[in-house]
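Common to both upcoming complexes is subunit A, partnered first by subunit B, then by subunit C.
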Partner chain A sequence: MSPISRRRFLEIGFTLALVGALGASVKFMPRPRLVRPPGALVEEEFLSKCIRCGLCVENCLTGTLSPAPLSMGLAVWGTPRIDPLKAPCEAVKGRCENVLPCVRACPTEALVFVDSKFIKLGTVVWIRENCLPVKYKLECLVCQEVCPVGAVDNKGMIPVFRKEKCVGCGKCVYACPAIPKALYLSPIGERRVATTR
Partner chain B sequence: MKFSRRRFIILLAAVIAAAFGLTYLSNLLKPRVKEEIKGVRKNRGNVYIKNGKSLVAIAKGIKDPRILVRDVIEALGGLDKLIKPGDKVVIKPNVGFRNPHAVVSPLIVAELVALAYEAGAGEVIVAESSVRGTDTTSAFEKTGYFEHLKNVKLIDLKKEGIVKTLKVEEAYKLEEVKVYSEIFDSDVLISVAKMKRHSSAIATLGMKNLIGCFPDDEKGRFHRLGLHYCIADIAYILRPELVVIDATEAMTVSGPSGGKMVKLDTVIASGDIIAADFISAKILFETEEAKNAEDKALNIPYIKLTREKGLGVLEEDKIELVYRELG
Partner chain C sequence: MKEELQLLDRVRALSRLGFLSVLGLFKKLGLVQGILAFAKIGFICIACPLGVLQAFIASLFISFELALGFLTTVLVLWILGRAFCGWLCPIGFIPHKSSRSFYSAPLIVAAFLFGSFLLHLPLFCLICPIGFSFKIIFFVILGIFDPVTIVALGLWTLIIYFLNRKYAYWCGYICPIGFLQGLLAPKPLLRIEAGENCIKCGRCALMCPSGINLAEISWKSRLRCTLCLECLDNCPTRSIKLVFLRKTVKN
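Right after this comes the complex of A and B.
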């Protein structure tokens, strides 16, 4: 074997350092807060355990899970997120209750099995000025109709959202007939599991 | 043979062109999926009329919903009057939710299917598309439809339904609407609704139930256009020949997904879609002990709007009630 030249040695060294720095910097890159599937570990742990295999997305019964696109940041690229515009999550009082196919499919325990009472994926946020009864004085309350946990009250025809009851399934967001939607799902208030301390 | 670079490029271009051409041609040859139909569903009108009055039959007083249905249909005049041998009968039950309290009892639907076959129907299908965000098949499963309707064709319209586009000139709002052809092309359409309160439509009965005959995106559109006008329009478009209201357990005070359940042990049936909804709404409000139940029922906007279209009757002297007290 020919001895390695100084130039060659430095080249390899720099390349390795560059790759390492890039990898390390992912941790410090800005990352959006996404609504995660049920049973997801706390974000830090989740990101380190999730291998972006896409099995949870593949096994999702409703089709709400999709891999986060690169445009959302390198740090979360390919990790599962709940998109209520595609479909709602049925983990609470739905057909996935106590079945959780996404969790069952996870090979690395980035998603862990939790009781359906524990699940809170986020909280729905109401955009008052888009809401049909507010904007056009129409009868609607579809959000109340589809809510599986009774988190939507009404004052006349205007919906009132109870944050503490909301489990963040996104059914109301999916069903909201307004264009643009009067509701969106935010990860605020989510309940996640931490395995280490 | 030597394969020159030029030859390779020409060949490649030819293959690509051929592929594009073939795709284009096959698209041209494909049957046009978008089929436009003018007008409303071919219907038989109300066959249950006596001395110029619309019959509304009410059976009550017994727990078994199967006996109630059998009796209420008999009181009305029997399905033989409506169904001709070989007919394609479509039953549209309200299975909008996974909550068994919020849906029509599967026993009622099972009995209606049996009655329709007894009357000589060629094919009876049960079709539904649940509220948006709820999977119809899983709603069928959870509420016992698969269990009680084993040999019946249950259609999850969201998955299997074929959509047609209708043009309706005389509609309030829905000049153009997409509808499932399974429902639209039926010989006889039976709307089987649960007696329930509804947050935005006041009460969900025979007419509101028909919203489940439309695809999900249309349901959202109905709310944007004005729900009551759209309910009147879809009643005008679909015109079910028979309405059966399951009031074995009524959902009062609030709805449609959850409310105070009251046992009434009642089933109501009529060939007149407005009369059926009016009488049922009256019973619903009376159950809630509302002071002027009749006025309240008369003032449900979609009932008024449908009446203005001339679909049925609302006047007391044009409705004949047939009571069957059982048990």
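Right after this comes the complex of A and C.
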């Protein structure tokens, strides 16, 4: 073996080791669960099909979709997520009902068209301490006013969220006047599409 | 590396800058959608060939639009060859000379495709410096300022700068996209040929960033041609020509 070919061998080995290290870090680093746009496939299939092109984000009518930044994890960065702090999703009883511009825009079929009755992006989570009626004894209930599916009841002046009715559109999170917000959107309970391979 | 910047280098740098700014402007105006992983201008789709291949291998499925984008890209590659590398790729801003061969790039393409298959996601897209640059434009337009992304982009640019500085280690040896572009278009319609006046002085091989000797060019070495036109600029007998559609001149 001549010295130059040994050097090449080392370089190739080193580069392949780096690729392996990248793969291992993608595999073993914890992946955050993000709230995905309507019609998203189950997470593993979604990540395998999505090429992070951003077409869904650009076609979103409300501006709730945004690409996940790198700080959310190497494996998911660039993929679309619902950000209710920017805007709510209107896929259920809103402008996008049965239109779903994000799904129409997706070139990879990582998002597929679904009936609006199927859509459940996640569930809203109530943070009791931040809620204005609890914190300052104010009359608020903005969340109940904006909820498109009637998932918010009230007990006295305090909101009660019904998890089974919530579709995770994030309208209440967007509208919540408390600072910091008394609500956040979690992907718990999301309904995703599973295609058979 | 204290060579003076030649006119051609400046023109190429301007072309890259122009490409980035035109793309940014078009994005801002809504004329072009997506980033280079998959971009759409009206009905025309363009897709990154490596991105499509990885997504295909990761999910064992290819959608119609993605296949269309892939075919369009292959068509463009058949016509223009690797002109993207030489004239448009933002990584080309990092100055480099004297990359010699592609000996590790096929292995790296295979490694990333295998990794995509194992991990079920397009592996190279996560670190692709080209994708990084376009995503940053996208993020700026959307108003996302994520310090981690910006710091990572800075570090990555620095690493690629050091890889490219002396031997063009990134562009010449690692970049799987460049290699795949060459592989998809081994003999593009627009290409560099040496004519009858060639005296086989070897100056083209000396000036070529990929070290191609046009007097004895093979399909393997043509994979490395990025149409940078250094050879054309430096040929002492002016026998090197940019040919389109013509057959190879045999001397």
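Just so it is clear, the second predicted complex is superposed on the first by the 185 of 197 C-alpha atoms of A that agree within 3 Å, B and C clash if a C-alpha of one lies under 4 Å from a C-alpha of the other, contacts with A are read in each partner's own complex, and residues count from 1 in each chain.
In this section, a residue touches a chain if its C-beta (ideal position, glycine included) is under 8 Å from a C-beta of that chain, and two chains touch if they have at least 3 such contacts.
All values derive from a computational prediction rather than experimental measurement.
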- Check the residue A:157 against both partner chains and state whether it touches subunit B (first), subunit C (second), both, or neither. first
- Name the contact category of A:52: first (subunit B only), second (subunit C only), both, or neither. second
- Tell me which partner A:42 touches in the superposition: subunit B (first), subunit C (second), both or neither. neither
- Task: Examine A:99 and indicate which partner it touches, taking first as subunit B and second as subunit C; both and neither are also allowed.
- Result: neither
- Task: Scan A:171 for contacts with subunit B and subunit C and give back first, second, both or neither.
- Result: first
- Larger contact residue set on subunit A - subunit B or subunit C: C
- Message: Going by the contact rule set out at the top, does A:179 touch subunit B (first), subunit C (second), both, or neither?
- Response: first
- Item | Contacts of A:141 with subunit B and subunit C, given as first, second, both or neither | first
- Task: Using the touch rule from the top, collect the residues of subunit B that touch subunit A in their complex.
- Result: 98, 131-135, 138, 142, 198-201, 219-224, 226-228, 256-258
- Task: Spell out the part of subunit A that touches subunit B in their complex, as residue ranges.
- Result: 61-62, 87-88, 90, 93-95, 132, 138-142, 144-148, 150, 154, 157, 171, 174-179
- Message: Help me check something: in the complex, which residues belonging to subunit C touch subunit A?
- Response: 30, 33-35, 37-40, 45, 47-48, 51-52, 54-55, 58-61, 63, 65-66, 69, 103-104, 107-108, 111-112, 115, 118-123, 125-127, 131, 135, 138-139, 142, 144, 146-149, 152, 173-174
- Residue positions on subunit A within touch of subunit C in the complex are 8, 11-12, 15-16, 19-20, 22-23, 26-27, 44-45, 47-55, 57-59, 66-67, 69-71, 74-75, 77-78, 105, 107-109, 197
